[in-house]
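Order of writing sets the chain letters: A, B and C. Residues in each chain are counted from 1.
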Amino acid sequence: MTSSGSFEHVELRAGAYADSVALLQVSKDVAAVPGVLAAQVAMATELNLDVIAGMGFTLPEATPNDMVVALRLDSEDNLAGALAAVDEAIAATRRHSASSEDIDVPSRTSASALERTGAKLVFVSTPGASATVEAADAIEVGSDVMIFSDNVPLEEEIALKKLAQSRGTLVMGPDCGTAVVNGIGLGFANTMRPGPVGIVAASGTGCQQLLALLDYANVGITAALGVGGRDLSSDVKGISTKEAMNRLDADPKTDLIVVVSKPPAAEVAADLEAFAKTLSTPVQFALLGADQPNLTEAAENVLNELGQQVPDWPNWGEEQSAGAGYLRGLFSGGTLCDESMILAQANAGPVWSNIPLDEAHRLDSSLEAEGTVMIDFGSDEMTQGRPHPMIDPTIRLEHLSKVAANPKVRVVLMDVVLGHGADADPAGSLAPAIKAAHETAQADGRELSIVLSCVGTSGDPQDLARQAEVLAEAGAEVHLSNARATARALTLMESAS
Amino acid sequence: MAIGTVVAGAAPVWVADRIRGQVHQGIVLHAGSDAIYFTSHDDVIGIVSSQATPIPCTISTRLATLDGEFSASGLPQPGDLVTIGAGFVTIADIQVRVARLSDYRMPKFAPNSIAITNARLRTVAGESLQSTELPAELINDFRVEPAESVHLLLGRGSGLTPFGDDVTCGMLATLLATGDACAMALRERVLDLAPDRTTSLSATLLRRAAEGDVLPVFADAVSSLAQEDENASERIQRLLSIGHTSGAGMLLGFSIALDHITLRSCS
Amino acid sequence: MTSTFDPNSGIVSTGVSIFADALADQAVDVSRVDWRPPMEGTEADLATVATDPLRKEANAKALAAYLGVQGNVVGVAPASDVLGLEKGQFLHAGPPLKWENASGPMKGALLGAAAYEGLVSDPEDAEALFVSGENVSLDSCHHHSAVGPMAGVVSPSMWMWIIEDPTDGRRAYCSLNEGLGKVLRYGAYSPEVLDRLRWMSDVLGPVLANAVENTEEPVNATSILGQMLQMGDEAHNRNRAGTLMLLRDLAPAMATSGNDAKDLAKVFSFIGGNDHFFLNIAMPACKLALDAARNIEGSTMVVAMARNGTEFGIQTAGTGDEWFTGPAQVPEGLYLGDYGPEDANPDIGDSAITETAGIGGFAMATAPAIVRFVGGSVPDALATTRRMGEITLGNNDRWSIPVLDFMGAPTGIDVTKVVRTQILPQINTGMAGAVAGTGQVGAGLVTPPAEAFPKALASLAAKTRARAAGAAS
């Protein structure tokens, strides 16, 4: 202590070299900190020691290799703060400023990009075998991650989610197709307005259908957090689902949490229901499958819960004619295909598929069978080595022309999924294909009915209304609701029989 | 920036709806490196750089500065025509579209959290609530009878958003969020007076407050107080750094609203 | 908050570009990772190590342990005294090596050292001795807290720098630098080489020992490294400023030592004429610091890279004293006189300890004066240092690089990042002639054999799995 009542602190830092210009700036910065009366940070050269002594400090023995930190404070209480300011100022002299015009080397790992930007979210779409490592980079620095990649080994998913759990971060995925955070669509996602619903979804296209219907009812969301198809399995035990529910519960703007998933394993379902009861926000489970409400009914339940009116779900185009023949479903969304199959099976018997409801009706590689056929062109085995049908329509269009030439086919059901990440103008290629399909049938003296679900929101970049109108004009009956589209397709078939 | 370039931005729903709707024209009110403001019907809409704080009438772009991006024909001049509608705002050769909808909603408050929130506000930001711009008597009148005294605040003070308007925005949004009995009367009075009493930008923000929309920094700050967030102090500081006195005005309005709810209710 | 996510800090996108484009279209800042597949067949091991709960803290601990060490020059003494070497015992650079696998320069240096120790009178006669293995033994410098440049041969009579950590008394050692050209460490063993070695132990060693002992404040090697990096040295292929600072610090004690003035004059001119003199202090200073990071379970940080002229070996913090090796590569660079690539021996020496510590090739940006010497340009040098940042755990703020806005040298090579990015550590090096007795033929750049890193990764992954199995049972 000095007599004047101020507090003096002098310390030597051996080997902490910095150049004199940098240290001048450090001294200046530290001197400006509240509570600091005087500050000198310098290498302990004779000249500098003289200067510091001249400021009235008492100095210990020092060598020119030492850095001297000399502080005079109004009170000892401010010492910790002042020393922190010294460290910060020294660090600042070494910080890389983005403005310097040296060579820019691209980030080669997520870790590197996170370090450079401080981003709080990483989107991973590498091959599945490498996704875990990139995701771990995010978890390590406390950032959330969405893993779009599929084919991530189950044991890696478990290890990753346990690691995330211990660090309080959220892992969306693997195989998570859709998420919306702060209005930002990640992966295949729709433009959504802010609103009271928070969604946790284990199914990408299931989530998109819900988003499309809520948007049409003028209901927005706080977030739609994807968790990946395996999260609610007995292996993963809903680690991400719970974290996502926690996040939504803590958000004062979320009035209702909706969990969209296939029915979870029994013990996970029980655990999740008990967990939901601990939250202060009501939770609605929209479980998909036979004997469960379909996605449209789930959306209606959400609206009812919010006290919102359920609108008449829109459709575009002329009603297609009924007739006798087979139904062919050509889908890009797995959950939409599933939903249609469940509805069709209940009304028109077994459905052949590459993702069949029962193994007895698995399609072979010809993708043809007698009876109702529904194909998910977005399934893993169909997308190997080629882009997803939501991005590139080629494979579905080829198949459409094939089924149009099949005299046994009477009704075609398809989904068109809009939003970020998807084909910028699906109607642009599908409308001509629909016209061509009708022409093929007519040339053959037949009629073909084409029913579409067009899943999108009013703000989507493709413009929902325009897409639907173009498709309707081409000769399709277009519905916002996939369940409605499916019901219509079944009606057209039924009334024929 | 090349001719025909489309710049993407994030905006509140009402701005997106306006831009998606009927084509109409407005005029540029102000153009600087971080913000271009123009009229659209009775409202004012801004296109802002990534450096500017989003407010409930801006399209926030990721452009570091608008200067460079609008340089093909230079920054527009006040009085220049702007075309709004059919999906775009068009200024000279630049088109701006809304690619994302941002949340400007005021968070809801549980009535039982008001007293605690108010106490925490005094602890964290007591000093910043000492207004030198408004007489104590006026603040008191506004607290007791908001609808009856708001005409004395609107348009009072300097700047594009006069201090009295900032206070009113904070007060109105808070009363609406808490469902206070006086909220609707105040709202009607504000909607009634705003077009004539203040700048058109400020009138736009008052109308947004009447719809429950506030600056995200304001929403963050007040919800961090209500949620016992450890970052409350930092968030309050961020709010106070907005504009010359805008952030402080909104916080004062919030404080008056909490006092109003605690001490007195409308008949 | 629904997320810790703040859109203003942007989103990192790793993988296919269409989703990054979709984000940019939504007025979001996207940081795109230039992702490429990892080294072949490493995906599962990478995932195992990436999700090891110990990894983050273990790497932070290893890096902090390394960064916390400072080395003082506390003495100079014969290897027989400080390492307990006895006649017939020889240390060499790199991972352990048998005589029959030794390369030309390694054999040359061992032959010369045998003659220097008086085991034979003509170096060429020593070959039979090493072939028989009777009364002679070889071991790695690294196994004795020592490092040796190039062949790195240490024999009992050679004088060693002693670098000490003042906080715990740990030490690291290195021989005295002989200069360039025909020198033992490059495999030369002609009479002039042996004469110089004898002068070094008769005069240079004792003079330096005396000077170090009588210099009041010990010379802080870590601090000199920090200063020399700001003066154009990268402390592997350029040590000019460091050498002169060392001379400056020792000169007063030397002047007053009472040593013969002619001897002192020769010592001054020997040191002053050898720009690499400080390298043999830089190396043990790096070794001392990196040894502090050894034996930290779960850490993937590299603590040693060393070459014996035949194999290149690495060691990591999480795998004890195990070496992971592959064939040493031939450097690319410039050749002295008429020498060409066919004359060069594969990579040799412990001096890659400097790169392991974040200097040398990793600090290339700070040494534009020598970029041509190693066959590059200044932009290459800046890019190299930045690129090394992609495979390291952090930066050493003691070693800041002015031209990169005082960024600390990228430090702490992470095995997983090397395997992921396939970016190999860049090493600045001298080149020895392939034929024993030749000496230096050039200098240039070299990288480790890629295979050493997946091997280290596999061992780390095996340990992680064993720990997980142990925890589960």
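Assume a residue touches a chain if its C-beta (ideal position, glycine included) is under 8 Å from a C-beta of that chain, and two chains touch if they have at least 3 such contacts.
It should be emphasised that the depicted structure is a prediction, and the values quoted were computed from it without experimental measurement.
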item: Which of B-C and A-B has more C-beta contact pairs; value: A-B
item: Relative to chain C, chain with the most remote C-alpha centre; value: B
item: Centre-to-centre distance between chain C and chain A (centres being mean Cα positions), rounded to whole Å; value: 45
item: CA centroid of chain A to CA centroid of chain B, Å; value: 30
item: Between chain B and chain C, centroid-to-centroid distance (C-alpha), Å; value: 60
item: Two or more partner chains touched - positions in chain A; value: 182, 184-185, 222, 461
item: Residues within chain B bordering two or more other chains; value: 10, 99-100
item: Interface hub residues of chain C, defined as touching at least two other chains; value: 7, 25-26, 28-29
item: Residues of chain B that touch chain A when the two form their complex; value: 10, 13, 16, 20, 98-105, 107-108, 223, 226-227
item: Interfacial residue positions of chain A with respect to chain B in the complex; value: 182-185, 191-194, 220, 222, 252-253, 458-459, 461
item: Residue ranges of chain A in contact with chain C within the complex; value: 14-19, 22, 63, 65, 90-91, 93-97, 100, 102-114, 116-127, 129-130, 132-134, 136-138, 140, 142-144, 148-149, 153, 156, 159-160, 162-163, 166, 169-170, 181-182, 184-187, 198, 222-223, 225, 247-248, 250-251, 254, 391, 420-421, 461
item: Chain C contact footprint on chain B (complex, rising order); value: 8-10, 50, 60-62, 99-100
item: Residue ranges of chain C in contact with chain A within the complex; value: 1-7, 9-16, 18-20, 22-23, 25-26, 28-29, 31-38, 43-44, 46-48, 50-51, 53, 55-56, 70, 166, 217, 220, 222-224, 226-227, 230, 365, 379, 382-383, 386-387, 389-390, 395, 397-398, 400, 402-408, 416-417, 420-421, 423
